[in-house]
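What follows is a group of structures, each given as structure tokens.
In the two complexes below, chain A is the common chain; its partner is chain B in one and chain C in the other.
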Partner chain A sequence: MSKAAVLCALVPLLLLGLGLVLPKAEAVHPPFSPPGAGLLLGADDIGQDVLRVLAHGTVTTLGVGFAAGVLATLIGVLVGGSAGYWPRLEAPLTRLTDLVLAFPRLPLLILLALYLKPNPLNAVVILALFGWPSTARTLRPAVAGLREAGYAQVARTLGASGLYVLFRHVLPQITPLLMVNLLLEIRFALVAQTGLAFLGLTDPSQPSWGLMLFQAFQQNQTFTTSYWLWTVLPPAVALTLTVLALSLPLLGDERRLDPRLRREP
Partner chain B sequence: MFKATRTFPGLLLQYMGLALLALVLNFFLLRLAPGSPLLSLEQAEVVTALSDEQRQRLLSLYGLDKPLWMQFVDYLGRLLRADLGSSLYYNQPVSTVVWPYLERTLLVVGLGFVPAALLGLGLGLFSALNHRKPWERSLLAMLVVLQSLPPFLIALLLLLALAVLWPVFPAVSTLLPGQGPLDRLERLALPVLAYVLWEVGLFYLFARGAFLSVLGEDYLAYARAKGLPESLVIRRHLLRAALPPLVARTALILSASFGGVFFIEAVFSYPGLSSLSLIAIARFDYPLLEGIFLLTLSTILLFNLFADWLVLRLDPRVAEGM
Partner chain C sequence: MSLRVEALRVAFPGPDGWVEVLEDFSLTLSPGETVALVGESGAGKSVFIETVLGLLPAGCRVSGRAWFEGQDLLSLNPAQLRPWLGRVLAWVPQSAAQALHPMLPLGFQLREALEARGVPRAEARRRVFELLEALDLRPAERVAGQFPHQLSGGMRQRAMLVAALAQRPRVLLVDEPTKGVDTERKAQVVALLRQAQALQPELAVLVVTHDLELVQAIADRVVVLYAGQIVEASSTSDFFQAPLHPFAQALLAALPQRGLQALPWAESRLVQGCRFHSRCPKVMERCRAQAPPLISRPSSEVRCWLHD
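Up next, the complex of A and B:
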């Protein structure tokens, strides 16, 4: 399964590399030109090279997804780890986690997006604020189960502080769980960002896969001509492959397939 | 050991807090957003240039000239009278505007939910009974992948496959005025199909997990050992133990699915709540947007409350904080 995941990841990673190397797309080609020599993926409605837009969109999409996923995991680790390690914090932090988890996050995300017209930076913050509870919820019992382990007790007896024991002895024990959560958080952020952009709720000057789809859907001839082949298909395929690359590693771990831990939009 | 206080009054209190938070966010975020309702009037060239006096009159007509907190008090007062205000763009009461769109969204959810749930539960049972067979692994892999795809991507791939490459269905699910979705079933088909495909994986995983955990119980081995026929074991012991919590969690999935429907509708331009809110966003129609979000949020919160209550009633392990 992980071989397949690596294979899927190749395409988005290649696009990411291109996005970091290629100059920004400019409206210099005849609008709607089909793919041909020198224009591998044709041109869009304002005459930009679609390949360049796609490559730069990959930088935004993967960048926002990755950054928000990492940030969400960090918050989740802090909240869930503290709740699991310090019995006194357990009740309030668990209640906070449940509260955020119970809130319908999609309508609220749309509201926030409407208010901020997110540029990549505040998109990262918003998405992280919505993503962390699932990680916190998975980590709490795992940490609680380890806080009385022999080596943790020994470390405390030797005078180690709680934070030191938590980060040095407890969290390294659950690295696989952390990795799985990181993948899930990145997937959530990436998908949510693309969804918001697809509704036209992100900064229109920042190309992303979702924004490309949004712009293609604005054109009348997208699906009546073959225009969709080079404007809709490439971002859709890139997104599908990325989601697969982030999901396939989870297949090996059957415990993570239990959706009771999550409430997905 | 941490004791969860999962009681019904506790739940109710938590949801009331959430509802209040939703109200506050709903009201203030929109007011603080850039743009103004008058801007859209001017852009629409209905009124090319407003004099200062006209502008003032319009603002006071809609109560937009008062300080923010007074607008909020007005808003709460109106809500208590079940008055959602009137849409600035349509110039009609918000409830009148929203209702047909809400109906069409609920139609997609309603038509998609039952087949998705039945199919998911059925496949989950089948899969659990055939655990560890090689083809069961492939079924699991397939549904896990399906479940991981976001709703608008599923909708988009369906659109490309069944409306563009092999055009059996129309790509656009818009309706003419006066047409109901039931008059044009072929336009309803793709949104509903997308909903089913998106939800079935989640139901399947829930069901498979629940059935597998019961199948591992000793009393099931005992029922088999005393010679009960397999069909009775399944009906009397497996289903009776696994179904109630599953039913309760099904309600949770239903309420969470409102978010996904939003994107599915947008892909097919289906005239449901999502297209209405995109109109309202473009026109800075605050009262309409507030109405839509209030209805969506309260529907979801009510469903969640109902589902949590069901879980409490049907799954005693949750009440004990396990």
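Up next, the complex of A and C:
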């Protein structure tokens, strides 16, 4: 399971590396040229090397996705941890979490993306603001359970404050849960970011997988000729492999940890 | 300099109104003294410790005072109580296995409270290592680098004592140190508590237990709790030679070397009369009607009409 994840991760990582070293794509090739020698993935409608666009798009997509995922996890840890640790905060913070969770995410994302400047920083913030509730929801009961653990009680009777116990004793104990949530948050942010770009709601000068798909879908001949093979397929495959790379370890963990899924030896 | 608890009452909310868990509980712990608090399960022994440490769940009703150096600890809110915890009152919890964080090395955990309170790392290290050596956790350097699961049960228990003693507290509250500990290990526990006082002669120790062997080995005074009330308080020698209260007598009669006479079970929270009367072998008419007060005797106190 994890070997497969590493294999899947190779493709986006390779693209990321390329994106960091290759110069920006320029419109120097004949438009719509099919893949061939010197142009591995052909050229798009304005004559840019698709491989370069894809590589630079990887930098944006992964950057925004990871940043938003990390930020969402942080917010989720703060909200969920506080709600689990301090009984007085539990009700208000749980209601807040439910409230954000109850919003229809995509329409609201679209609305915000329309009104805010379409730069990567705004994208990170918006995606994080919608991603955190799931982490908060999983963390709250885990923290609440450990709040009464023997070592937490002892720490308090030795004079530790609540914040100290929460951050030094309780949260380290649920690191595995945090890691899982981090992967889930990154996955959500990646897919959501691609979705926004696919709808044409991001900065058109900032290449990303979603934007590539959006631009490919704008062309009339994309699906009537073989043009889709080198403009739609590469970003789609890259996204699929990235999501797989993020999901397979979780699946493997679940198989290992859930006795109901464990195969008989 | 002693901990003086006066007229402590603790009640928990129950389905039919308040349940009095501790009633009219008064106790003085002087420096250097070891007091044993004994009684059946549910008598309120641990509740006393939890009350003093502020560990009671929200929604309990607490009244009374717990004086230490002119300060009533029960009147403090959790943030105000925090400076007293660890430095003045230290707790050795029942289960050492659960009291240590499973993912942190022992030395770090033991130093943690000191460092968090501004003791420089080198000084904290020195103090912890001294205690580890003193409590026979040797070599301290190696033990400090180990994780709780690498230590034996007895080592963990000693580590908890190090954690409690590292801040040089004045009062040590020890909860059931011999629960689930076999006879051979009991001697270790006894030695441990003696060592604690040898290291800090001014330390007052309160041991909550229902293990009378342990009481006999370490306590200077015995306080017997029955259904939330103190029924007898006397010196250890008086208690073992001539217990006054019928419950105390029954406790001693239940010791293996005295014939293992079990006390019949009965509803203990009787509303009328003496709380013990339905189980008391010496019950009188008066016991059913009237609750006895704590009666002072020359060297002890007892709550029984027999000694009126």
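We adopt the following convention: the second predicted complex is superposed on the first by the 250 of 265 C-alpha atoms of A that agree within 3 Å, B and C clash if a C-alpha of one lies under 4 Å from a C-alpha of the other, contacts with A are read in each partner's own complex, and residues count from 1 in each chain.
Here is the rule we use: a contact is a pair of C-beta atoms (placed from the backbone, for glycine too) under 8 Å apart; a residue touches a chain by one contact, two chains touch by 3 or more.
Just so we're clear, the structure is a prediction, and the values are computed from it rather than from any experiment.
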Partner chain in contact with A:38 - chain B first, chain C second, else both or neither: neither
First, second, both or neither for A:173, with chain B first and chain C second: second
Chain touching more of chain A, residue-wise (chain B, chain C): B
First, second, both or neither for A:187, with chain B first and chain C second: first
Which superposed partner A:149 touches (first chain B, second chain C, both, neither): second
First (chain B), second (chain C), both or neither touched by A:161: second
Which of chain B and chain C A:112 touches, first, second, both or neither: first
Partner chain(s) touched by A:23 [first = chain B, second = chain C, both, neither]: neither
Which of chain B and chain C A:87 touches, first, second, both or neither: both
Contact residues common to both interfaces of chain A (with chain B and with chain C): 87
Complex contact set, residues of chain A against chain C: 87, 149-151, 153-161, 164, 168-169, 172-173
Contacting residues of chain C [partner chain A, same complex]: 53, 55, 58, 79, 82-87, 89-91, 93, 95, 97-104, 109, 112-113, 116-117, 160, 163-164, 167
Chain B contact footprint on chain A (complex, rising order): 1, 87, 90-91, 94, 98-99, 102-108, 110-112, 114-115, 117, 144, 187, 191, 194-195, 198-201, 213, 217, 223, 228, 232-233, 236, 239-240, 243-244, 246-248, 250-251, 257-260, 263-265
Of chain B, residues touching chain A in the complex: 2, 4, 14-15, 17-18, 21-22, 25-26, 29-30, 32-34, 140-141, 144-145, 147-150, 152-153, 156-157, 159-160, 163-164, 171, 202, 205-206, 209, 249, 252, 255-256, 258-260, 262-263, 266-267, 274, 277-278, 281, 289, 293, 296-297, 300-301, 304, 308
